[in-house]
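Here is the structure we will look at.
Going in written order, the chains are labelled A, B, C, D and E, and every chain counts its residues from 1.
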């Protein structure tokens, strides 16, 4: 349920090789911007967008850029609020949802945005033939399996019915929280133009020109050009249904963290894309804070870093808990992150409304850890295979610290480093003892794919009926008050069983010049909700 | 007799700095060269023949060469004192050289004709066309067929003998007063050698050039030389006219050289040998460098370098055997045979220093 | 004086140790850069004699020598050694026997000794390969003996070739050849690179060793005076062919082939008087360009005197020989 | 000559095939699949299969290879796995910057190094020579990333004379001047090695040439030393130097990986790193083959240059 | 002897010297030799040790090797342990400060020496073995074998070297041994060509022909007679190879695909300077590493050049 949305996914760093030291950045023939020019916005990205295909958005950077030119039904100004964009949702029974499309919404070629476009988009995502990364966004709709693939017996999703040009209904398999549907379907799914994609074989969509060089848009901006690994050029959509954007041109420029700092110093950037895709490493944030005229906001993030444990090999919760006691997570946050982050007690950071504020992380207690291990009959002689994915400097450094802490309680580890795909392949095969992994979570608290038995990202071999049960309960809750206690219990249970050791969540930052009205919000993924209203107005 | 001396080398001593130490390659060499005569320098490999002659044209590497002492007077001026610029006017113009290795002595990437014309342009200051014309004439002169066609050839298209002709043409380009030929035929076959030697003799007669001819082949010396200097271990140990050296040698090393060569005459039983091998010039021996190999060594040879004894006006030898106190010795058979010939050639004419001949021949 | 044509080895004992017939050796055969190094070489070498092979550079002397010692495969013709066709020597054991019996001494004294091995290793290696000594002590002893037999001090055994003079190196090379106690030694320009004063030392040594060990030599050189001095019989080569074969003394008195004549006339002698009088003859290579090759080959003009010529020319050469012999007799009389 | 060139081009074909097979095998040796990068963690096997199919990764290796080969021969080098952009235009857009960088570097280096090498050889043994020789040892020994960082530290961070990286500047004024401004540091970093290397080589060949007999002949002719140098020395020294140029030429495309990384130069080097990190195998294949083509082409060029400079060499 | 100088007429001196008497005179052994009587290796060593720069470089190299071997004893702090303040400038006995997680930079540098030495020496060993063997075989046998090996060499040399290493190392999973072996396996072609070229000339030399004529077997000729004669160029090549390997490893580590963390290598220490903060404000963390790489490579290059000069006998007057 997570990791595919607009939430900064830390893994994306590893996946695209995109951390500060290895990131891909380049300046090329970006037109020059005169000082005081208010018509062009320069945005710094550290990750290259990988896809402009509305159905297939494996990377966060691609999704983020797509939001400039494809709108979703809803926007999400904060983690727990939604506003209508292309459409609005209504429900009475939390199972049948009526979607009303904005009267004025139209495509940049003049065609209106219709209910058919929405139905087409949802149907395409659910098509078994299609390449998509959005399965979880439609998995609640009637007629799909748990991965969001349309069941064989149907040609079209029975849960999606077009009522008229601007109205359709969506029926879920069982009642769900409106917030859940709003985030996953309303916010995560970008509506694609049927009149552009409809004629293309679904299997061919990803390689088609329509997907790689989009030309029809519903968003505030129009895609002009992507110079690979260099920049994305966007121009204002004058007919945008929510009002033509103030800033005419946007360049999203791809560069590494160091370049980002120097470009800010040189006054060549107006903002950083933030999240996991446009930020300098936490340790370098202070350099940005020193730059005059730059505003640096710090927000908690949904990201979490974890030490994952091979639960098949370490089936004793006492052993796993001992690992948690052995790690000085406080030190990591205080020293490595320079306090710009928090120690996680479970998978929920303070960004999430579902975080159980009363649950304290287990303290650092190496003696206790050692005792617990001895008591559990832990085999101190066999070194642990400890795998650290490359690509995130802080995580790698933390890996070195973990190695040291474990060896202090007498547990020897063999650390090895692999690039992310290799590590993922190993993790999938449970070919490790312990390892590091980062997850980016959604505002919705569902963590099924990570810890539920058989979950797609359950690379730990966790099979805990209690967890499975709690997750089911949480999913079926239809509002916050109903769901909160379930997740609080889950958090407690995770701490007791410790199938993974939560480490830390590092803050995310909004960096912009002080004359930019707009920019990154506390809920990062929704930052672009008011994009068309952003302005640049230098005081001088 | 008018003084026809054109070149005078006085007390030349040259050393080289090497990894192993200082090599004393030339240790006090004196000789003179007259107009129109051919002086042959013979001697063992490494005896300093090339070094002494390269010094004349100042062609020794500057990096590690040390001229310890000496003067090289060319028409009265000391070449060693000239500036590099002045020296360039002498080289190729007054003093030209031919080297041993015709295969590598020509620039592989330049047409042979141009290589011949080059010194003409430089020294005669004529136009390129004129130089080319003269070069073509030279090519004809040295016996290169089809000069116009071969003008444009590159050295690799020529055989060794042809290349050596090109070298001679280059050397003769400016009608030099002195031609130094350093083993010009060693790399060639006897038949080609004969052609080249013949050519040189012919040109010498036509142009009245003085030639310093270096070789270790005594046969070639006999064919070419008016006068001969024998070098051993960086010194000239004997010099005289060709007949004096071949028929009345005084130095035991010269004896050895002459005696150890088989002749085409029939009926030789065993070759005379000089035992041992030449000294290491890193540590030249005390006294006479030849003494350790000398069958006729005197005790004094091991202590003191011999003086240059005069045998005749034209004939000198650096051996204690010519000292009045030295005992008489009997040279090898081959040498005695030669001396006999000398007597038949000259004795009657009274041109010989009686003393030398007597002193040496008396014991037999 | 033996110039009358009296055979050196008595007729009865004349037993060929090497017989070469119509040897051909082409390099890069069939390619553009084909070199016909040896086109037609035939001669025999008798046991106990020294056979000299002269000729200008590139005439194929070394190639013939190398073919003889089986350093490569020959293109055509036949070489037999002690009655056996060396082409048939295939098995390693036979090859070793052959190698033990025939040795070679090379031109460049330094290049023919491995600069990275000591003299003891160089000479001892040969002994070891042929299993001629049982242990290293015995081997060392034998190396010392060999060194002394070529006139070198036994202290030299542990030195490297670079520490020797050319003449000494050549002696080491000879000692290596002698180590395996061969019957036949090919000396390919064995003295050409040496100074005159050293040449004599080596030549005397070769002669002495030959007598002591009952050796047969093939002596390749371009220095005619030395060849004549050391050889019993001489073959003259030119561009891949043997043009004349005869006894050493006779060759100088009665050179029949025009090429031999010109070669002889070109050799300078260390005698100014003689040089002044010398007349040189030029050789016109047309002499061995025959349109009809059927009757061209080595023909025996007189006993032990062969000329490469057309059958029709035999009479001519016979006459020429007689004339030259007559003149010589008068001169020496 | 024409025949020779054609023959050489023909013999290049098997080498290129060998290289493409080698590169292909190398890439498929790696653990993990490129699709791991592009499918989201919770994609179903069906969806993963769809992606694999779309990328052609579902086929057996040999089919994949021949399919690649067939398309490559028609000028289609495949698509980028992630963006699905065709590889060729991206590759072409990156060649320009790299050639700009490396071309400037090489020209600049040779212009400096060849005279330096000659001076060093002529002054063999003097302090000038020692200085130049020592300098060139420093040049070949200094790691370019260290030099690069050092220069950035001094000239960009402390003195702010030059930008820290990139190829052109936003907010700057002149296109050409800006390009030069951006070129200075990376060119210096890259040149350090090339200058040093070429100086050393030029010095060595010059010394060698000066030891040749024909130089002695030229001196004995009485030619002035400048004439000897230009007419007899340099031309002959250039022959071996061509070899070095031949090994340098291929670096026009692949020589600046590290430097491009440090200075964020949008060239082939950075593209390579990215392709490796992101497992863009079609891109990697294309870069490998392109580099190999350049190497082979450079070799051919070198051989032709030999024939031009050296009359002894004739190809028939 | 002195009393005789200038007394040339001392009659006593003018007598012939017989063999017995001769022995007493200087410079007169029975056989006087022409050269200076040193073995090849001794000569080379002698020349080498006359080259001051090379000797100083050798001393530096030996110090580095010893540092690598005794890193544990020399380093003031453990290699991977976070023992100090985080990101601190030099203080107390942290002479070069600490890194992001409080490890002693100096100790890590000292341990980094191991990586450079292992990669340098190890990869050279690998490629020397491959290159020498193939070169010997190719050069000696010629013909078909030769052309096959030469084609392979050509293909290897047509690969963009650094790119392939980068690709292979990142695909095979980085690590000290992977880097060492990949470097070794890819670096042999130039050496192979060098050896082949040498063999081609050597096999025509008389001493090899002499060995054939003596009856040596083919391996005997290759290993007893030819190999020792190519050792010097191989040695020189290998020395430069060490320098190149150290540089390449450092570059790889710099790009993040070299040796595995937490093992320090000079290259990955230096790579931290890609962060602007480290580059601009914490020079003690990267400049020493850079200088070490530089000094090590420079020293090895000087050794290589010294060896080359000593072997070729280039005059250093």
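Following the convention adopted for this analysis, a contact is a pair of C-beta atoms (placed from the backbone, for glycine too) under 8 Å apart; a residue touches a chain by one contact, two chains touch by 3 or more.
None of the values given here were measured: they were computed from a predicted structure.
Touch-path distance (fewest steps) from subunit B to subunit C is 1.
Any chain bridging subunit B and subunit D, meaning touching each of them, is among E; the list is complete. Chains joined by the most contact pairs: A-D. Relative to the C-alpha centre of subunit E, the farthest chain centre belongs to A. Centroids built from CA atoms put subunit B at 93 Å from subunit A.
With each centre defined as the average position of its C-alpha atoms, the distance from subunit C to subunit E rounds to 47 Å. If each chain is reduced to the centroid of its CA atoms, subunit C and subunit D end up 57 Å from each other. Residue positions of subunit C touching 2 or more other chains: 165-166, 168. Annotation for subunit E: residues touching 2 or more other chains are 30-31, 33-36, 170, 173, 255, 271, 274, 276, 279-280, 317. For subunit B, residues touching at least two other chains, in rising order: 63, 277-278. Interface note: chains touch in the pairs A-D, A-E, B-C, B-D, B-E, C-E, D-E. Contact residues of subunit D toward subunit A in the complex are 30-34, 36-44, 46-47, 50-51, 53-54, 79-80, 82-85, 90, 93, 97, 156, 163-173, 264-266, 270-271, 273-274, 277-279. Residues 80-82, 86-87, 100-103, 170, 173-175, 255-256, 260-262, 271, 274-277, 279-280 of subunit E are the ones touching subunit A in the complex. By the touch criterion given at the top, residues 124-125, 212-214, 216-225, 227, 231-232, 235-236, 239, 309-312 of subunit D touch subunit B in their complex.
Residues of subunit B touching subunit E in their complex: 17-20, 46, 63-64, 276-280, 282-283, 285-286, 291-292, 296-304, 307, 320, 323, 325-327, 329.
Residues of subunit D that touch subunit E in their complex: 14-15, 18-19, 22-23, 26-27, 29-31, 125, 137-138, 140-146, 149-150, 152-153, 157-158, 250, 253-254, 257-258, 261-262, 272-273, 276-277, 284, 287-288, 291-292, 295-296.
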